[in-house]
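Below, subunit A partners subunit B and then partners subunit C, in two separate complexes.
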Partner chain A sequence: MAAYCYYPGCSLRGTGIAYEESLLAVFKLLHLPIEELRDWNCCGATSYMSIDEGSACVLSARNLALARQLHYRDIVAPCSACYLVLRKTQDYVQRYPRIGRRVEESLGAGRLHVLNEVRVRHPLEVLHTDVGLAKIKARVLRQWPGGKVACYYGCQMVRPYADGDPDHNPVRMDELMHAAGVSTVDFPLKTRCCGGTLTGTMPPVGIRLNEILLAEAHHRGAEAMVTVCPLCQYNLDAYQSELRHRSKTFAEMPVFFFTQVLGWALGGDPARLGLKRAISGRRQIAQWFPKQRAEAAAHV
Partner chain B sequence: MERRLKLQKEAEPEWARRISEHPGCEGIFSCLQCGACSGTCPLSIYMDFGPRRIIALVREGFRTAALSSETIWLCASCYACAVHCPRQIHVTDIMYTLKREAIEAKLYPRRLPIPVLAQEFYRAVRSRGKNAEFWVVLRMAVKSNPLILLSMIHTGWALLRTGRLSLHSEHADGIAEIKRYLDMREVA
Partner chain C sequence: MSESNGTVRIGVYVCHCGTNIAGIVDVKALTHYAAGLPNVAVSRDYKYMCSDPGQDLIRQDIRDQHLNRIVVASCSPHLHEATFRNATRAGGLNPFFVQMVNIREHDSWVHTNHAEATLKALDMVRAAVRRVAHHEALEKARVSIRPEALVVGGGIAGIHAALTMANAGKHVYLVEREPTIGGHMAQFDKTFPTLDCSACILTPKMSAVKNHPNITLWTYSDVTAIEGYVGNYNVTITRRPRYVREDLCVGCLECLEGCVYKQAKVPDEFNMGLSKRRPIYIPFPQAVPQTPVIDPETCIQFKSGKCKKTCIEVCGDRHAIDLYMEPRTEHIEVGTVVLATGFQTYDARRSPYYGYGTYPNVYTALEIERLVNASGPTGGEVVLRTGGHPKSVGIIHCVGSRDENTNRWCSRVCCMYSLKLAHLLKEHTGAEVFNFYIDMRTPGKGFEEFYQKLLSERVHFIRGRVAEVTDASLHSSEEGRLVIRVEDTLAGFVRRIPVDMVVLATGLEPRADAQEVRRLFNITCSNEGFFLERHPKLAPVQTFTDGIFLAGCCQGPKDIPDTVAQAGAAAAEALALMDAGCVETEPNTAYVMEEACCGCKTCISVCPYHAISFVDEKQVSAINPVLCKGCGTCVAACPSATIRQHLFEDEQIFAEIEGILEYA
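What follows is the complex of A and B.
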């Protein structure tokens, strides 16, 4: 089986480190070979694209061409922003001759077709489609210690390049959670925007968007939120103490990556799933994943 | 009091036509002005115009009003408008095009930290081939609104404590090659 090519992007080396830890642990538990793309560069995401579109596509194209050169078939981009820009680049070089020419200048003439010979995949889709729900269900070793979760898909993974999951009501994460034995709540805000970088640039606006999402999850009976994107996870996780100070009724809740939940269910070593990297809901996390349990657990 | 009515003689229809040639902007002249975009946008309540009125301004050619608006910068690029538009207009891509035009024409609102973040991010990637989250955010705050720094101390500490703050700014190995690629001029 050809290895999946792992494209971490900048966030999985910083604020989203727990995503990288748990993603690699899950792939290992499922015996899926995955290797980091050698010499990768920034994907040219949202902020970069706001300045220069042509060279944003050049940045993404370089990653795709590198992956192709190393004979990978699938490039796995866990960050929704990376996923979107890689897909957008594949789309734009075909659809818009001006972008195609700009990319060709860098990669060399007649090389555009190689970009579409690599499939850009989100790990959620890889686990749901390539591995499948039945196989995951058969490998579950642990019961989820927390209550129900709200699956939050965010924006750029489902729109506009949804790859089969309906953009208005994606269900793959919910199905994966059910396969892992975790109950989910109906969460109608599952694709409502978290504000992206607005929590940093316009805190009152950005934090309010996340307050709406957290309050709705709480209202629906969720005890935790589960995400697929490093920026969503950060936004939902990092400002809860501020929300708690502002409102007496606000209840903190942990915000996990879907790979952390799966990693736990599949029997992964809790110490390697980045569970302790949560900023909010640490009390629940300590209660759900006590130390002795961690020590008794099978190691990845 | 400022006049809010726009006069036709101030419009630049040629600019509107040029915008419609950008990737994703083909649809501006087929917009129905139905408002599905503004209705679905989670940020429109904070915007000065909202996406529907931005499209109206752009296609009439009111360049300065569109490019100096806060609306285009508040767009967090979630694509909700683009998938809800009954005319399949790529509203998000129109916002991107306007952001780029606003930076080029230096018409973006100076008080907003958002375009500053975009420029710092751009600069970091052009010099290292990768983004360094911490340094980009720090530079954004220093250059736009140092008060943001105060509110960031708390989150910064939380990230540091949980091992999520990387102070290290990594270079892509192939940075020389990347720089060569990025410096190539766009051919018409």
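What follows is the complex of A and C.
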């Protein structure tokens, strides 16, 4: 089996380090070979893309070209922003000759070529399609200690490249959770805005958007949220103390990466799933994953 | 061949078409040049060749100058080929000795350089002069037209077309798939903009169909095969068993009450599942025919064979219920066919963001039609699925219309029926009603006035495509209600409007089996899947298959007035054919030179019109000239070059090519 090419992007080395830890653990538990792309660079997301599409595509295309040069078939981009920009680059290079030429010239200087043969994959889709629900279900070793979760997909994962999941009502994460023995709540806000970078640039707007998501998840009986995107996770996780100060009724809850939940269910070492990196809901986390349980399971 | 009747003498006529041609092409130079071409005896130019004096020139020259070939350099043969063929015939020549050169659409209209356009015209005329020398005399075939008609689909379009033809004395077979005729119109409560009761204006026409001596009505039936050609179609119709005999049933409907199911348990299709029916049922009180039907999927006798069969007991001596009924096949011969197979509404589940199927109080417009209807599931009382009456209602327009992700076309009727439903819902409940629209489209007689009336009734109109319907509340006023999120594009901000009931104005789309019907009748569909008319303006009810006509929404979304008008037009076109009794066919058909045919059957597989059959005795292909449209596909495909085509003989085509390239 050809190894998956892992493209971390900046987030998985920063705020989303728990995502990287749990993702690699899950791949290991499922015996999926995965190797980090050598000499990767910025994906060209958000700011680049909105100011200069051409440059953003060049940055992104270099990563694709490198992966191709190293004969990888699938490049796995866990960050939704990376995923979107890599997909967009492949699309734009073909669709807009102006961008195609620009990228070709720039890459040519480094003796690289744009090739769309590398498939850009999100790990959610890899686990759902390549591994399959049945296989995951068969490998579940631990019961989820927490209550129901709300699966939150964010926007970049499904628009416009949903890859077969219904773009307004994606279900892959919910199905993976069910396979791992975790109950989910019906969460109609699953693709609603998390605030994105507005939490930094216009905090009142950005934080309000997070409040809507968290309050609704709580209202529907969820005890935790599960995400696929480091920016969503960070936004939902980082501002809960502020929300708690604002409103007496606000209920703090942990916000996990889907790979953390899967990693736990598949019997991964809790210490290596980044569970302790959470900012909010630390009380629940301590209660659900007590130390002795972690040790008892360490042999798995 | 062509020279058999002596020397070839060609007349060339160059048309100015006012300034359409003469403004770009140097017509004088062209005429002068043509005069010098081989076999050309006369070359003239004239301001309008299609005018009577223009045609007279041709007639006169054929007599005076003994012309035997004519070339007219003017517009597209689509427009005036028939004109010049007639003029040639009037001069005493076979009409197929004419060749037209299209120096308007193919030259003056598409070029701006005078010199180059003139050069192109010279080339084209030279090619035609070479070609026409090889033309042969051809005769048109005549096909007789049977006086019977088939109408497929018993909605308002089919009903109107059938009645029109039957009233003109033609025998009409009306075939309907459902147990009753009436179609969608029977489900509507009121009709816009006059608000007259839909059933009240429809049911008299349904009875008229039933009682008309010239109409044979087959409901619960499907057309399963059709063969033949214009004027002579052999049609096979399968009549599904309804297990109640139409000839014996008197329509007393006692069997319905007599069913062992004391409570109706099956979702009622006619009421969009808002009420229940028994396994033996009649779709609605005024159904035609008034014969119940037994649904074998839900009838205990059919499922387990262990029913007390109380329905048969109740029917008693009439013996109308026959549980052993078999499908029946009818074979009929008709001259013309009117297709009126209608539409289906967009499945609102395909737009999950509007919550249909998720939130019980989200309805489709067709459900509301039944809900406000006095003979509907609630007797006209607007009761929510969760109980109680709505205090506010949101009507979302363009669900499955004008949307890149679903259907791109405008369904034409939704704005108006949304206005109607807004009026009816307000009338029935006094609720506050919001319409969410992209553009209000009210182009019809009395339609704009109806819109103004609704505005004065204080129905709210919010311009903006709705983003979503959600039960996620942000505020106590939204608790337990449905929130419509929309960008109000006139006010310029995003609004959240809590309502108790959401109505989705679902669009119209082709029926799921439209492609199968298309193949069965050998017609074409447009991109979106509606049946394609022969010409959008000048042949709106004809199809590309002669003798098959279109009526109603199977051709595209339209309201009741337009549907009835189109059904009348389709009937008139069919009547024109049947009253003429015969039709002439173009002689530009393909023919097989039998002695050289190797019997490989390649031609049969490529013919798009099913015009070629295989003669087993001779082991050769034979082309039915009535079905052949002269497309030439078989001519090109024949590996032994034994298929040729009138008016496209090799000599003619090669002469034309040589003429345009100017060698030999």
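The rule we apply is simple: the second predicted complex is superposed on the first by the 291 of 300 C-alpha atoms of A that agree within 3 Å, B and C clash if a C-alpha of one lies under 4 Å from a C-alpha of the other, contacts with A are read in each partner's own complex, and residues count from 1 in each chain.
Definition applied: a residue touches a chain if its C-beta (ideal position, glycine included) is under 8 Å from a C-beta of that chain, and two chains touch if they have at least 3 such contacts.
Just so you know, these numbers come straight off a predicted model, no measurement behind them.
Visitor: Could you tell me if A:Gly14 is touching subunit B, subunit C, both of them or neither one (first, second, both, neither)?
Guide: Once the two structures are laid over each other on A, A:Gly14 reaches subunit B alone.
Visitor: Between subunit B and subunit C, whom does A:Glu216 touch in the aligned arrangement: first, second, both, or neither?
Guide: second
Visitor: Looking at A:Met49, would you say it contacts subunit B, subunit C, both, or neither? Reply first, second, both or neither.
Guide: first
Visitor: For A:Gln156, select first, second, both or neither according to whether it touches subunit B, subunit C, the two together, or no partner.
Guide: First partner only, subunit B.
Visitor: In the overlaid three-chain picture, which partner chain does A:Pro166 touch, first (subunit B) or second (subunit C), both, or neither?
Guide: Second partner only.
Visitor: For A:Pro188 in the superposed arrangement: first (subunit B), second (subunit C), both or neither?
Guide: second
Visitor: Comparing subunit B against subunit C, which has contacts with more of the residues in subunit A?
Guide: Ranking subunit B and subunit C by residues of subunit A touched puts B first.
Visitor: Let me check the overlay on chain A: which residues of subunit A are in contact with subunit B and also with subunit C?
Guide: 168
Visitor: Within their complex, state which residues of subunit A touch subunit C.
Guide: Touching subunit C from subunit A are residues 166, 168-169, 188-189, 212, 216, 219.
Visitor: Write out the stretch or stretches of subunit C touching subunit A in their complex.
Guide: Listed in rising order, the residues of subunit C that touch subunit A are 351-353, 358, 468, 470-472, 474.
Visitor: Which residues, counting only subunit A, touch subunit B once they are in their complex?
Guide: 10-11, 13-18, 38-42, 44, 46-55, 58-59, 62, 92, 95-96, 98-99, 101-102, 105-106, 154-156, 159-160, 167-168, 191-193, 195-198, 200-203, 205, 209, 238-239, 241-242, 276-279
Visitor: In their complex, what parts of subunit B are in touch with subunit A?
Guide: Going by the criterion above, the answer is residues 23, 42-43, 46, 74, 76-80, 82-83, 90, 96-97, 99-100, 103, 112-119, 121-122, 125, 129-134, 137, 140, 144, 148, 151-152, 154-155, 158-159, 162-166, 170, 172-175, 178, 180-182, 184, 186-187.
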